[in-house]
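Below you'll find the structure I mean.
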Amino acid sequence: MKHFWALVFLMVPVCGVLTFIIAPHYNVWFPKDISANGHVIDHLFMFILWLTGIIFVATEGALFYFAWKYNARSNPEPVKFSHGSHTLEVVWTILPAVTLLFIAIYQMNAWADAKMRRPHIPVTAEITGRQFNWDVRYPGKDGVLHTPDDIVRTDGDIHFPSGEEVLLIIKSQDVLHSFFLPNIRLKQDVVPGMDQYMWFKVPEPAVVDIVCAELCGWGHYKMQGRATFEPRPAFDEWLSQKYTEQESHRVAEAPIQ
Amino acid sequence: MGIDKETTRQEDKETWCDPVSPCLPVSPSPCLAMRGREFSATAWLCIGLVGVAAFVGCGKADPPQFRLNMMNVVAKQVAPQHQQAIANILGAMFGTPDKPYAMPETGLDQKKLNMAAGPVWSDQAGEDHGLYRRHCAHCHGISGDGHGPTADILNPYPRDYRPGVFKFKSTYTSAEPTEADLLRIVHDGIPGTAMPSFALLPPDQRAALVEYVKYLSIRGEMEKALEDYVADNLDPGDKFDPASNAETKKLILDDMLKPIVEAWQTAKDQVIVPDEKSIPPDNRTVAQIADSADKGRELFYGTQANCVKCHGPTALGDGQQDDYSDWNKATHDFIQATNAKLAEMEALRKDLTKAKGDDAEHIKEQIRSTQKEYKEREAVIATLLPPRHAIPRNLREGILRGGRRPIDIFWRISAGIRGMPMPASGPAAPGAPGTLTQEQIWQLVDYVQSLPFEPASQPLKKGPVNSSAVSTGE
Amino acid sequence: MLASAAMIAAATLIGCSENDALGPVANAESAKAIRQALAVGTTAGTEKKAAPVGTGWATLSGQFVYDGNPPAMPPYDVTKEPEICTIGGKLPAQETLVVDPGSKGIKNVLVFLRDASRVNPSAAPKTDSVEFDQKHCVFLTHVLGLTVGETMDIKNSDPTGHNTNILGAGFNQLIPAGAAIPYKIQKAATVPFKVTCSIHPWMTAWMLPRTDGYFAVTDKDGKFQIANVPAGEPLEFQVWHESGSAAGHGLVGTTSDAKDVKWSNRGRMTVTLQPNEKKEIKVVVSPTAFQG
């Protein structure tokens, strides 16, 4: 038919926009945000989505318009080449550059808060990624890591205190992994030989997933953990329970199920 | 762009790709060269082939099957008809990877086996099936031989369950692990290895996996008993069929299966329980712990416990690195014996040059059979994991595979590690005398626990931090 | 064009190659039949014919002799503690094939009766303690036979620790310097266990636990004697040597002066003795019966 290709290209912005409208209804959208600052990341995402979305719809709309109007079947006049427009070139170079610069500056604060302004609090835990498991080491009663009273767990069931800022050291034992907490909107590649800091605050108790976000081998897909956020008294109670278990000199009465 | 419809140049019509002469395509892609606005017939053929290739696949794959332990079969030269008979008996007793069978004599739980076995799928209710194949088979193999597809790239190798030997357990040296031991390994994983934690699975799934591991282990031990018996006692012409011979049935059930199952069922009675009076008190001061660790250090370097002989005077595990674990030793011995066959053939060929008549025929026959055996052995070696030395643990790293609790270290020192060169210092069986007393073992435990925190062990308490832009002031 | 079509077809089919794993797969029908047969309460077919049983007792003795020039034994590869593990500064020689230069007798050949239909009280399982010592990082007894119920008194006469690892028996115990640890034999076997030390891995010995006393280890002249074996019935003796090239380290010899002794290629000799007979055999072993 006459305007076949124009209509095909119209489908691109139409389906694109439709996808973003119906996705949340099928739960293909942001995971639940349990953190104090996750909304900043979400806001940045939405801002860029709207900005690029509007430009996208406008550009595709223009494409559709010209494809319809200058359709070869209905418009047999041959193409006229112009020698370019200096003004146009300048405009559509400067506008995107300014937009991108704006986005870069707009997000700097969010980046600094998440990656550069480390809170001056004692470290809550040290997380080590290995193929294919997340291990955790808590500093124990003396508050210092790598001392005999550390609590070391390898079962991927990692607890953190809720309602306060949490500071983690993250590292890798072998290859690149990425410590990713989707519900806190934070991820950071763990690099072998390098310690990194990660911090966040989760106001309410919650239980969320930890996943690996950097391809680390055949078991990357199953490298999971579970992060449990509980109030500080419950967290301390859990820590001392795990410490007692760890220091056990006796056959366990209630063995692990 | 686009081909001008009016072109009638002779070249355009004829120089485009034909199978015989090299292509001089008019357009960049011969498949999509368009004549007018139609795809050419050749272009359609191209598209059709790609489509067929994409969709034909390989048809439905055959379900995986249990195979025999070919290393043992070839080493013992079990005749092919006996191999088939053994495979049938094992199929009868234990079923297949898709349909396992819990013989009543084994005491295994059929429901748990059904949960763990079979292909990976989830039902309408969201229940997971095929747990073993989903979580374990890619390392541990379908038959539990420790040689799944990902095993080649792992160090240490995954456990081969078939000898029925497990390293990290709470029981005396020669006993099997308890169910609690296996559950703990599945729950915590093994730090320092590729064995991850499965704590995030529901408890009933973990129990099903442990039951399936026991099943594979009992099956493997039964297979070895059958192969050893057949190799030792039967001639190639003899029949081996419990369905037609009551003696064979009795042999299989009473002489072979019963001791294997009993060892598993009595494991929980073989747990090493330390005496209460030897256990150090809970509220020791730092000085008391250090004192105990000092005594442990003396034992570590002494001639009673001899720890330095293997773990090295530095405790880095460099005292001795040329021994093998039982599993790797079996592979190593098999390879050595195979190489010896070559020497044998050489010697026989030398003899052949001197022999005459009947003797020469006899020697030729021997050469033929040795050559056949050598080829069989070579085929088996191609399927084995290359043997590796057993490296004693680096105690300064603080990564202890069997667990870091004092009781875990106590069990390793007291019962040794079965299947490894690590010997027992405690009693070999209930009531037997040990090399060290329990107090001495607890002192060694304190020393081992203190080793990672000695100044010599701590070159890098903190790694380099990623960026000076991350403020480091406290 | 045809070439690329052929390549695509080939690429598709290569991925479909059959799994060529070794060994047979269980046959479903046979497995079903066997499962039914193994179920409780079913009676299977023919009983085995009872083996003939004789009366009386006899004694078998003899000598194993090496036919030819025995290879020289290289020294052990002592990689540790040379001050302790040498004898007067010299490395101890290996014992994989020890032949007496004068009598050509082969030492450490183990001969045992595979299935005893009846056991004489003198060969009944004992409960005593048998010494098993190690000095200069060498096991002083190279091949040891024991009965179930006996205790192996594992001694360490060296000033350094050893661990005695009985491979496959689940026994691996630290023996402190100058001390001894007992090991009670619980289960019999048909193939000797290898005994080694993890700390000094060149140390090797062999131990075979049996349910009766019908076994003997040849001395340095290759001589052995097994007394009070059942007479009047065929006796199958397994001949074993750690360097034997038959299956399971069996040792195949020839008894040309005792034609009634039949040899199998597994190193098993079958003979029937008369009551009160004291049979002496000379077994000549060719160098080809030993492995490289």
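By written order: A, B and C. Residues from 1 in each chain.
Keep in mind that, in the parts below, a residue touches a chain if its C-beta (ideal position, glycine included) is under 8 Å from a C-beta of that chain, and two chains touch if they have at least 3 such contacts.
Just so it is clear, the model here is predicted, and its values are computed rather than measured.
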Contact graph of the chains (line, ring, star, complete, other): line
Central subunit by CA centre of mass proxy: B
Most remote chain, CA-based centroid, reference being chain C: A
Most extensive contact between chains (C-beta pair count): B-C
Euclidean distance of C-alpha centroids - chain A vs chain C, Å: 64
Cα-centroid distance, chain A relative to chain B, in whole angstrom: 37
Whole-Å gap separating chain B and chain C, where each centre is the average of the chain's CA atoms: 28
Junction residues of chain C - those touching two or more other chains: none
Chain A - residues contacting chain B, complex: 115-118, 120, 130-133, 135, 145-148, 152, 154-157, 171, 191, 193-197, 218-219, 222-226, 245-252, 255-257
Contact footprint of chain A on chain B as seen in their complex: 135, 138, 150, 170, 180, 183-184, 187-189, 191, 194, 196-197, 199-200, 203, 206-207, 271, 273-274, 279-280, 282, 404-407, 410, 442, 449-450, 453, 458, 461-467, 469-474
Chain B residues touching chain C - in the complex, by the definition given at the top: 17-19, 30, 42, 45-46, 49-50, 52-53, 56, 58-59, 62, 65-68, 70, 73, 76-77, 80, 83-84, 87-93, 96, 101, 103-104, 165, 173-175, 228, 231-232, 241-249, 252-253, 259, 303-306, 309-310, 320, 322-323, 326, 329, 340, 343-344, 347-348, 351, 379-380, 383, 416, 418, 421-425, 428-429, 432-436
Residue ranges of chain C touching chain B (in the complex, touch as defined): 1-5, 8-9, 11-12, 15-16, 19, 21-28, 30-38, 40, 43-48, 79-80, 159-161, 163-165, 167-177, 179, 181-184, 187, 190-191, 198-199, 201, 245, 247-248, 288, 291-292
